[in-house]
Amino acid sequence: MTQTDTQPQEKQFPVLEGAENITIDNLTARVKKLDEEGYRLLTATCLDRGEKYEIYYHFDKDLTMLHLRLLVNKEEEVPSLSLIYLCAFLIENEMKELFGVKFSGLFVNYGGRLFLGEDSDITPMLKCVDC
Amino acid sequence: MANFLGAVIENLFKKPATRPYPFTKREPFKDARGLIKFDGDKCVYCGACSKKCPAAAIRVERAEKALYFEPFKCVTCGFCVEVCPKDAINQEFEYRKPDYSKSIEKYGPSAVPAPAKTEAPPSQA
Amino acid sequence: MSTRTVIPMGPQHPVFPEPLQLKLSLKDEKIVDVAPALGYVHRGIEKAAEKNDFTQNVFLVERICGICSFIHAVCYCMAIEDIMKIELPPRANYLRVIWGELHRLHSHMLWLGLLADSFGFESLFMKFWEIRERILDILEKTTGARVIISACAIGGVRRDISDEHLQEILTVIDKCEKELNGIIPVVMSDTTVKRRTVGVGVIEKEKAIHLGIVGPVLRASGIAQDARMTGYGAYKYLDFKPVVEESGDCYARAVVRAKETYQSIGLLRKAINQLPSGDILTKYKGNPGKAAAVSRVEQPRGELIYYVEGNGTKNLERVRVRTPTFSNVPALSKMLPGMELADAPVIVLSIDPCISCTER
């Protein structure tokens, strides 16, 4: 899978082998289809790519893994999967808290207070914590 | 409860499974990972151990030929013993004893009696 | 009665080995809603793993969990070996299976003991922990430490097991099996145990996938899913078949774990008999390149997933850990409502919560 995005960064990031690219618009439809086919949502991995977030959604069916790769700008809202897979609410709350990813339609919203303390105002997993 | 009756009766006549600890102590197993001891004479102060230590418990001052070790940071993984090029690190089978304060051990060439406790803060980290 | 009472269960509670708070909304004695509150033991290990040298991370990830520590290290090493294309010597693969199964054995023993403790069966709890101690002793003899054994390294294992110790493992597991034969039937068929567990905290097969549950909880709901079926390490040579139960309640979860203890003993015997001789460590050079890898293994609590990405330096770009309890906690919000308050400890314990894993 060739990755010829319009990435402005000079730094090239690796792409997980076999990952399927996906955008915000078709994420929900694709995941709904996977759900009907009987896939399990394993987890999601968020990575800080400078201007963007890169989110991998990992699925599994009959011991074969399927990865969806989503690149979003940091201001954009990502549709939550928690209405399709209930278990996604904890994963998304964690991403929201540690990376600052914005989600729309979170089933249970911890308001960014899942792991961190009440007075903490940073998103610690970003590469540059203070910005 | 009938299933458990056998075990109950057996328990009545069995010796306790535990040891009366401070009076009877178990010998440490051979090759158990316990205390870390350095040999200030064999050591060449290359700093390999301090770079590899996952707990950042070792600090090597090359210029002053000194090695500062914080036993209470150490996680006894034994990685330093593996990476030492001169076999100057020795892992004993005994565990570390509790202490009132988190002391720092200083090691150096044998002019300095090792290990000596120092008051100097070991590192900024 | 229309008013609800909210009872905070935890963070300190006799059945929780670790701090977790559940806010239980009650209507009389019935639980109607539950909200888990996490964050008491968050240590930022994923961030620390980015700052460390990738060789040091083997020891760091072991400290995520105090029970299945070795399996964490195995999963991390598998991801790094995938990135760096390191081929493992066959003996190392088998040794990883042996230590991994010993870990599963002592973890299940711990859980069965805690289950007995959660409904007040103290003497059964003591019995299980007495057996567990023998397995910890054998771990200490072979690796040098009781639980955080630090035996795994990138490219293999750090210590070999001598023939004498292999024989000792065989005698110890024989003895354990004999003793388990005396007390596992108590868990499986005693009326007092059954009354507290049968039909409690049910998760149906259809709901199980949407709840994202893994491990023994998923297998107790009738879905044969076990990461060991993928045949990582030496499991492909050991003819592995998962244990599956159909009823999906606390009793089924206890039965799955009880049967898995026997299964682990069987796997250990097979692995020791087939153990090939040879090297235990492959030497490698350099740092992980710009590549990403996902690895998964089976922990006592379920499926563990690591996403590791290198960037060509000795530090890693990202280490993501998905622990089994992290995906089992959401299921509590479906298990608890409708149950009595008195059943809550047994239900929460039935997912084998490991909070240090969950929060990392």
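Of note:
A, B and C are the chain letters, set down in written order, and residue numbers restart from 1 in every chain.
FYI, a residue touches a chain if its C-beta (ideal position, glycine included) is under 8 Å from a C-beta of that chain, and two chains touch if they have at least 3 such contacts.
None of the values given here were measured: they were computed from a predicted structure.
Taken as a graph of touching chains, this assembly is arranged as a line, each chain contacting the next along an open chain of partners. The chain pair with more C-beta contacts between its two chains, of A-C and B-C, is A-C.
Between subunit A and subunit B the centroid-to-centroid distance comes to 42 Å (mean Cα coordinates, whole Å). Each chain gets a centre from the mean of its Cα atoms; for subunit A and subunit C, those two points are 26 Å apart.
Distance between chain centres (mean CA atoms), subunit B to subunit C: 28 Å. Across the interface of their complex, subunit B is touched by residues 52-53, 55-57, 59-60, 63, 123-124, 127, 130, 133, 137, 140-141, 143-145, 148, 150, 158-159, 182-183, 185-186, 189-190, 192 of subunit C. On the side of subunit A, the complex with subunit C involves touching residues 12-17, 35, 38, 40-43, 45-47, 56, 58, 63, 65, 67, 84-91, 108, 113-117, 124-125. Remark: subunit C residues 35, 38-39, 42, 44, 46-47, 209-213, 225, 229-230, 290-294, 296, 303, 305, 307, 309-310, 317-318, 320, 322, 326-327, 329-331, 333-334, 359 touch subunit A in the complex. Considering their complex, residues 1, 3-4, 6-8, 11, 17, 29-33, 51-54, 75-79, 82 of subunit B touch subunit C.
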